Amino acid sequence: MLENLLSAPVLFFALGLAARFVRSDLEVPQPVARFLSLYLLLSIGIKGGHELHEAGLTTEVVAGLGAGVALSFATPIWTFFLLRGLLGSTNAAGIAATYGSISAVTFVVATSFLDQSSVDYGGHMVAAMALMESPAIVMGILLAQRFATPDPNQTTRPALDWGALLREAAFNPAVFLLLGSMVIGMSIGPGEFLEVAPFVSAPFKGVLCFFLLEMGLLAARRLEELRTAGIGPLCFAVAAPPVHAALAIAIAWAVGLDAGDALLLAVLGGSASYIAVPAALRLSLPEANPSLYVPMSLALTFPFNVIIGIPLYWWAIQTIGLAGA
Amino acid sequence: MRDVKRIEIVVEAPQEDAIRQLIEDAGIDGFTLLHAVAGRGQRGDRTSDGLSNAFQNVVFVIAAPAEETAAFVEQVRPILKRTGGICLVSDARWLKH
Amino acid sequence: MRDVKRIEIVVEAPQEDAIRQLIEDAGIDGFTLLHAVAGRGQRGDRTSDGLSNAFQNVVFVIAAPAEETAAFVEQVRPILKRTGGICLVSDARWLKH
Amino acid sequence: MRDVKRIEIVVEAPQEDAIRQLIEDAGIDGFTLLHAVAGRGQRGDRTSDGLSNAFQNVVFVIAAPAEETAAFVEQVRPILKRTGGICLVSDARWLKH
Amino acid sequence: MLENLLSAPVLFFALGLAARFVRSDLEVPQPVARFLSLYLLLSIGIKGGHELHEAGLTTEVVAGLGAGVALSFATPIWTFFLLRGLLGSTNAAGIAATYGSISAVTFVVATSFLDQSSVDYGGHMVAAMALMESPAIVMGILLAQRFATPDPNQTTRPALDWGALLREAAFNPAVFLLLGSMVIGMSIGPGEFLEVAPFVSAPFKGVLCFFLLEMGLLAARRLEELRTAGIGPLCFAVAAPPVHAALAIAIAWAVGLDAGDALLLAVLGGSASYIAVPAALRLSLPEANPSLYVPMSLALTFPFNVIIGIPLYWWAIQTIGLAGA
Amino acid sequence: MLENLLSAPVLFFALGLAARFVRSDLEVPQPVARFLSLYLLLSIGIKGGHELHEAGLTTEVVAGLGAGVALSFATPIWTFFLLRGLLGSTNAAGIAATYGSISAVTFVVATSFLDQSSVDYGGHMVAAMALMESPAIVMGILLAQRFATPDPNQTTRPALDWGALLREAAFNPAVFLLLGSMVIGMSIGPGEFLEVAPFVSAPFKGVLCFFLLEMGLLAARRLEELRTAGIGPLCFAVAAPPVHAALAIAIAWAVGLDAGDALLLAVLGGSASYIAVPAALRLSLPEANPSLYVPMSLALTFPFNVIIGIPLYWWAIQTIGLAGA
């Protein structure tokens, strides 16, 4: 765990947090931050696809994908019913979608943790990540449609545009770029892969450092919004990651995943979305308060996972002795 | 020069397409559009940075004769009600070319 | 629709926080803010590029009832005097939602 | 506070220099300038992205006394005729500092 | 050809097209896209200059440059007279300038194709590319000046600002950066070149992938504009590349270029501009309709060349048996 | 010196200058230029921290830091009293802060010069640079407070916000990122350093080329502003660098720095700020005319140092024979 704390990406995350706390004007220009996030997706997609192509379609692959998708459908349900009484159906549905979905950056930090520990993991876990974004969004909206009472001021709620919602869920930029890059990684030969590797592989960890600096800046800014949120959401945001990760590890154990894949599944289960899901919710469930679900996910759950969660889940996986741990 | 209304609409970026549609439906034949706009209102801060533009504003500026705009702004109202933002209407003169 | 004043303030970026503070102090409950704005005035050119935003403008657009704005613009005056910029006030109607 | 005209000109980016020149020629001593502006008009869509800014708009906002602006806007007309865009003129009060 | 279809840059181009077709919100931030295009120019300029310095000034160099410039002067003439009846003199002049000029990205994709096939090409072809931008612009404007009847609504046409036009033609950002980087590549020693290589060479192909993703997004968006353009411009946009390329290959054969240089000349002849020329035209010939010449060049000619053209021209060059093919 | 003139970064700087002079529209998108400047800071910070960690805290380290900080406190004083008569107290104070502070890009160019000449330098000089930004800002403001007569039109000068000033001085983005990256460079192990090296080290010189292209564009634009400035500021802007550098070299000799560290101290002493200090001055001393201190620093002092100064100071250091020269 100390080793994780002293990894360069985590230190840059802390530096970003620190910058806000001393009120430094440090900022990463927004178009560049977005580009770096696209880079990370493209890069992990190509590498995942390339590896998947080498490994072929095994039962491990099917198990990993299935476990991920199942978690993404199921997590929103208990999240919703747990939070509904406290925060109302609309906000509970928004948080449900957020926590059923995943954080790609957390996943990337976890792969970098595994690389450093020289532990293998399957390229198909990238596909699992991509497939976990959409179901949670759809579940969240369905729960809101079914259980949320319409705003009393408003006589009629505007009809939900299912076409737009499904497009947003299935083809949002992150999902599209991840899956597209995976397919490309599977299609190109090893020679071609070697030629793009100096771009997609070599600078990867350095770019991740830069990106986590930005994440630290963003997380610290959002933290302030939580002051008025009450204790409930705060507790949920730090309790959900280990609980969901524990569930994911149990499933990984049940379906027989290797240790590396199990850690990634734990991180997918335990993380929450702060880019794709909020964008979809602003479109399809604008009544849910974004000052709740974004800071919970970005300012609490994300740091928890990156700093404490990943080494913690890895310790658990080693303890129960999954293959390869 | 011709008397027109100058309409200025500030909404969050995810509503851009909805407003574009309303403009088209109203038969208004032009608009000017600013992206990555920050602001503050009842729904808190919106910044011009961040990893997604879901929390940015866009500004539409529309010049159109009064008779075209009256019905249009009524269509905008429910969007503002649901997702926030403002709509200002003022008088201007349009240099016709 | 409600009659309001539309205030448009152009100042250099380092004054952004000062204007934000004045808006808050005046009890005005919203504003729209554009970054990376260029311009020219008595103090020469301000560009929208460069390595620091110290030489860029920002634009605040504020809609508020006349009674709230009168005192507010007086507070803005010394900032404009010291660091440059403009403040325009015009009439508008606000689509209340 | 002083009564002025607020002129708002939307033209495509390649005309920026031409408008700057007209402002200088008219002896108007300041303007505010927004880059990377999108829009739609008779000449179709202009976007704020793309690899060149030839298809983006820029917006000039100019505050000046009525006597300076009358001749100026006439100079702007042929540019709008040839390359498109709009010019709106409205009344405003300028907080003199 | 299948091999070309499965090269990573072409696949990313297809991914960009696909993103628009499924209406995904994927977009590359504009400042980054522009930076990547500057990077490609700078990179290819330095490498070309470095190579030219090693090779020295040969007759092959002079022949390549001469052939390119001649094409750039001549192509606008027949293009103009061919399209004049159909589209009017002003639009014909705009398209003439567009097709007489070149597409740097197509050129870059072709060099990457040659690299992959281990075929040599001369650094001077980069100079040929730079020299082909300007003549076409000047020719297009001259043709419009000479043959276009002024707008009936307008009593006098504003006098053409030749100073501005020539500056735009000769010093537009692409030409300036290309030639400047070439001169720098020729000036620095091999030690210095090795030090910048990890930036200008190693990540080149990966950056190209990213950039073609953006090109795909842009091309797909422009495609819609062609719906109202009629069949004539569409036919021209896909017929011009092979015809112009065939002419270029014939010239290459006549002046005795090697196979690699011949392919690059074919690609320069067959490609059309969508950045530099439109920028110059908006300034000097705003009456020409950009919704015609931009989508023709960007949404039809560019994809044609990248997907079909390059392997097709290479096949032709191999068939006629130029040296080194 | 000719060798320096033919180094790639210096040539790209010249290319940027040339672009403006021929009125080319070439420009580096602003968010990217800012990112590249962050990259250079982060990169040099990590590398400096890593080296400092290897070398440990020696007397050489303490001497280097002490000399830098002393220069940063002292330089504003004579600068102020020299220029006060000519330009008034307020402008003199602004220029004093500017020249007491440093230019990180000049420093980076100097490290690249030393790398090319295979001369060692200590990682602690990066820390010296970071520590030299703030004292000069504070001194400039103090001098203005003490000696500048308030504007006659203004009855009362607004009270200085010392909190904001000190925050700006100590935590401005450049200082914060430099020191933060140094600390991270000192904390991570050699394995982790190797993993980020393909990002922070390999492309460094290439990125520097790109960045100097932008610096050339910016410098040329600012040059025009100097037309109305009079001869005094111009003379100061080219005389100050060698004089301050000579002083720095004398101090380096006195405290026994090695040749590499001495060159870096000379460059820190001789350079002036055009990012951090202007930003602080606009906040705390807006009465000082930025059309004076920015172009002096950016359009004269910076080019002087990069083109002439660095090889000149190095020649001086070799002549007096510091260890390692």
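By written order: A, B, C, D, E and F. Residues from 1 in each chain.
Heads up, the rule we're going with is that a contact is a pair of C-beta atoms (placed from the backbone, for glycine too) under 8 Å apart; a residue touches a chain by one contact, two chains touch by 3 or more.
This is a predicted model, so every value here is computed, not measured.
S.K.: List every chain that touches both chain C and chain E.
M.R.: Chains touching both chain C and chain E: D, F.
S.K.: Any chance you could name the chains that touch chain A and chain D both?
M.R.: Expected: B, E.
S.K.: Could you check if the interface between copies chain A and chain F is built from the same residues on both sides, meaning over half shared, or from different ones?
M.R.: different
S.K.: If you tally contacting C-beta pairs, which pair wins, A-E or C-D?
M.R.: A-E
S.K.: Which whole number of Å gives the spacing of the CA centres of chain C and chain F?
M.R.: It comes to 34 Å between the two C-alpha centres.
S.K.: Need the CA-centroid distance for the pair chain B / chain C, whole Å please.
M.R.: Centres of chain B and chain C (C-alpha means) sit 19 Å apart.
S.K.: For chain B and chain F, what's the span in angstrom between their mean Cα positions?
M.R.: 45
S.K.: Can you list the residues of chain B that touch 2 or more other chains?
M.R.: Within chain B, the residues that touch at least two other chains are 34, 36, 48, 78, 81, 90-91.
S.K.: Going through chain E residue by residue, note those that touch at least 2 other chains and give them in order.
M.R.: Counting only residues that touch two or more other chains, chain E contributes 27, 29-32, 34, 202-203, 279.
S.K.: I'd like to see which chains touch which, written out pair by pair.
M.R.: All chain pairs meeting the touch criterion are A-B, A-E, A-F, B-C, B-D, C-D, C-F, D-E, E-F.
S.K.: Using the touch rule from the top, collect the residues of chain B that touch chain A in their complex.
M.R.: By the definition above, chain B touches chain A via 12, 14, 36, 43-44, 48-55, 78, 81-83.
S.K.: Report the residues of chain E in contact with chain D in the complex, numbered from low to high.
M.R.: For this pair, the touching residues of chain E are 27, 30, 33-34, 37, 153-154, 158, 218, 225, 274-276, 278-279, 282-283, 286-287, 290-291, 294.
S.K.: Could you list, by residue number, the parts of chain F that touch chain E in their complex?
M.R.: The contact residues of chain F facing chain E are 6-8, 11-12, 15, 18-19, 22-32, 116, 202-207, 209-210, 213.
S.K.: Give every residue of chain D touching chain B within the complex, in rising order.
M.R.: Answer in residue numbers: 8, 10, 34, 36-42, 48, 57, 59, 73, 76-78, 80-81, 86-91.
S.K.: Which bits of chain A are touching chain E when the two form their complex?
M.R.: Going by the criterion above, the answer is residues 29-32, 34-35, 38-39, 42, 46, 167-168, 171-173, 176-177, 180-181, 184, 187-189, 191-192, 195-200, 202-203, 279.
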